[in-house]
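Heads up, the next two complexes both have subunit A, just with different partners, subunit B and then subunit C.
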Partner chain A sequence: MKDMRYIRAASVTEITDNLKKYGDKAKILAGGQSLVTLLKQRLVSPNVLIDISRVADLNFIRKTKKTLKIGALTTHRQIETDPFIREHLPILADMEKQLASVQIRNLGTLGGNLCHADPAGDLAPPLIALGAKLKLISATGARTVLAENFFKDFFETAIRPDEVLAEIHVPLLPYFGNAVYIKHSTRGVDTTIIGVAAFISKDIDTCREVRLCVGGVGSVPIRAKNAEAAIRGKAVSKKIMAEAGKKAREEISPVSDLQGSAEYKKELIEVFIQRALKAASKGGRKGA
Partner chain B sequence: MIIESSITLDGPVKEVWEKLLDPACLKNCIPGCESISVRSNGEFEGTVKVKIGPIKARFDVVLTIVEKQPPVRLVSKALGRDRFQTGRFTQENQLILEELHPNRTRLTYTSEITISGKIATFGERVFRAKAKEMEENFLASLSDILKHGGRKP
Partner chain C sequence: MRKHKLSLTVNGIDYILEVNAGEMLLDVIRDHLNLTGTKTGCDSGACGACTVLMDGMAVKSCLVLALQAEGRKILTIEGLAQDGALHPLQEAFIEKWAIQCGYCTPGMILTSKSLLDENPNPSEDDIRMYLSGNICRCTGYQKIIDAVASVRPLQGGRHGKK
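Entry: the complex of A and B
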């Protein structure tokens, strides 16, 4: 095995300073639930490993007036069990309950999950549907990108080699809004075959805003924009939801693999879009 | 995994056939191809670099022509080994050329790819999609080269 320098960063400044120094020769180690597997199989062998797991400043769940701010080192289990999230953003707690196993959720972090950018990841679709933003920090400054624009290709993101993902900003649900995440996998802990997140806000019966995001069916999580357009501004009926399912099936082209044929996945897209819309439009929070 | 597709190219059958066996043209068309040459026994050998997120693989590829019926049918076999022992792939290809018009040729392509080793355990689903993407890029580049009179634009 080749020599690797191990640096344990104690603060955000130490992380960004080291990233500035080593750039793409370094990999960031957070919860280790994806990277350690790759290191062990020697599929990835960085020169420098920057362990950020002890940086306490990046582990928090903070509520502001309209936004929930989550530190990138917050674990999946913290999100799953947080009382505020359970009440006000139940989509996130529900999604976490379905993400891998409790052992992985205890160690895996939100930031690590997003930066690994597995197209079948469960965290990204709900964040994209909710309109979340990601705050990236480097030695020279900070910038914010929409979660939707963060993912570029299989395991590739918009993050630059000198940047670290620091915070996730999730808008709180509007009073008449609701969001759900549903997924399908062979067994609970297996790779997600399809995961659909739906966000709907309504004026009485009419859909004011809708965002649909499908994971596991492409190189990145995909917004089903034609399906959204079929519902936006209309009364949410069974017929409209069926129409949206059809649109999503047409606009997304999954690839056949061991988990199922392209045709089977298209069928899943149509069915899961409808199920997610049905659940999201059923009021959920505060009887909207 | 089987990849099948078909594309209509600008150019006579004979020209398309020649391009498909021309190492310089292949080098320009295969995504990530670093070098390609023809051995004395007619086999092609080359290096192809594939990058998926943090994982980089460099395959030494040997392609053998199994059957040749110029200028309509070409059957070949490829074996790729990664230099860092992360995995290997085998590929069986069949190319069929059909004259639609003296200056239009239809290329029908079937390729069966098997990926094995560590690289396959990591992400069989990813490599399938990646292989499909590479094949699409290959055909797009080939089509460009034929359109621009044999030179890459």
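Entry: the complex of A and C
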């Protein structure tokens, strides 16, 4: 690994000032659980490492009236074990249980996972299905983007070199709403072959709103919008869910990769969209 | 190469070292401090052989830059025995034949310690899930699970007891 300057930032301002000064010569280090491997393999070789892991202002889980605000430095393990999240957004705690191993979850952060933008990442599909937003901060100001619009290509995001991802804003589930994430992999904690997140809210039996997001099948997580349209406004029946599975299979063209062939993934999409919908629509949150 | 000062505590001893920004905690432990009980396996976060406890938390030292450990307390396998007496987990691994070649053992034992410190009476499933980031190529795992299960206080084990 080449020689690098190492800066341990103590505040958000110190992060953004250093990003402004060094631009794309610098790399942010959060938990290092993805970046360190890239450094070792010389896939990235920054002149400056800005270690943000001690910036306490970016590590929090805070509930407001309708939103859960999560600091970008919150670790996977904190989400997995947080009592509020386990009760009110169990989709996130359940997803974390299946993400990597406990050692990786102890250090890996939500912000790092999103900014790394691995198309097989497990965090993005649930956040997109929940309608989460991301707050980015630079020396010149802040902006908020929908998680759905954050991912641009394999390992590419909408973040500028002078910006830090500071917060993740997750809408709380509506009273008659539920969300689940189903990951398919060789063993529970292995790399995702495909991951499907489903959010659904209902008036009695009729689907009011639905968002489906599939990870591991393309360069970025993909919303299955035709499948959603097949269910929205309709009574959620087995037939409708099967219809949605077919639509998703038609509208998504998976890529073959180490985890599986495109054909295999097409099969999985149809099956897992149905499973996720079934689980989400009978999910027991407050009787919804 | 630019040198950076690093202060950390390893097995109760304070050190002040000079390291490069790109040096790993694993290399500091093995090469600067000659504590070779911590093993290098995959060097990419997958096998768990390099697991140490950092402020009580299991981490893979091949994925931690040495400078990330500034001010932290590190526990390696060499720091587990107290006054010549093996830790209950070490005894259990011997007693239950949970060691063959021994390469995974330091990582297995430290990860298990962190589990039992968090949750003294885990189920067998909890043990399996918690150890899923640690690979063993010899034992077939069952004896490792048995060893960890045997030190649970409810099973009459001695973990956490002085």
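One rule holds for everything that comes next: the second predicted complex is superposed on the first by the 286 of 288 C-alpha atoms of A that agree within 3 Å, B and C clash if a C-alpha of one lies under 4 Å from a C-alpha of the other, contacts with A are read in each partner's own complex, and residues count from 1 in each chain.
Note that contacts are C-beta pairs under 8 Å (C-beta built on N, C-alpha and C of every residue); 3 or more make two chains touch, one makes a residue touch a chain.
Fair warning: this is a prediction, and the values are worked out from it, not measured in the lab.
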Superposed partners subunit B and subunit C on subunit A - clash or fit: fit
First, second, both or neither for A:G71, with subunit B first and subunit C second: neither
Partner chain(s) touched by A:P119 [first = subunit B, second = subunit C, both, neither]: first
Cα-centre angle that subunit B and subunit C span when viewed from subunit A, reported as a multiple of 10 degrees: 100
Of subunit B and subunit C, the chain that contacts the larger number of subunit A residues: C
Partner chain in contact with A:G245 - subunit B first, subunit C second, else both or neither: neither
Contacts of A:P221 with subunit B and subunit C, given as first, second, both or neither: neither
Touched partner set for A:F155, first subunit B, second subunit C, both or neither: first
Contacts of A:S256 with subunit B and subunit C, given as first, second, both or neither: first
Contacts of A:K27 with subunit B and subunit C, given as first, second, both or neither: first
Gap in Å between nearest CA atoms once subunit C and subunit B share a frame through chain A: 10
Residue numbers on subunit A that touch subunit C, as the complex places them: 1-6, 8, 29, 32-33, 36-37, 39-40, 49, 51, 53, 97, 100-104, 106-107, 187-189
Residues of subunit A touching subunit B in the complex: 27, 38, 41-44, 117, 119-120, 153-156, 191, 218-219, 255-259
Residue ranges of subunit C in contact with subunit A within the complex: 1-2, 4, 20-22, 24, 43-45, 48, 51, 57-60, 63-65, 67-68, 70, 111, 114-115, 129-130, 132-134
In the complex with subunit A, residue positions of subunit B that touch it: 1, 52-55, 84, 86, 118-119, 121-126, 128-130, 132-133
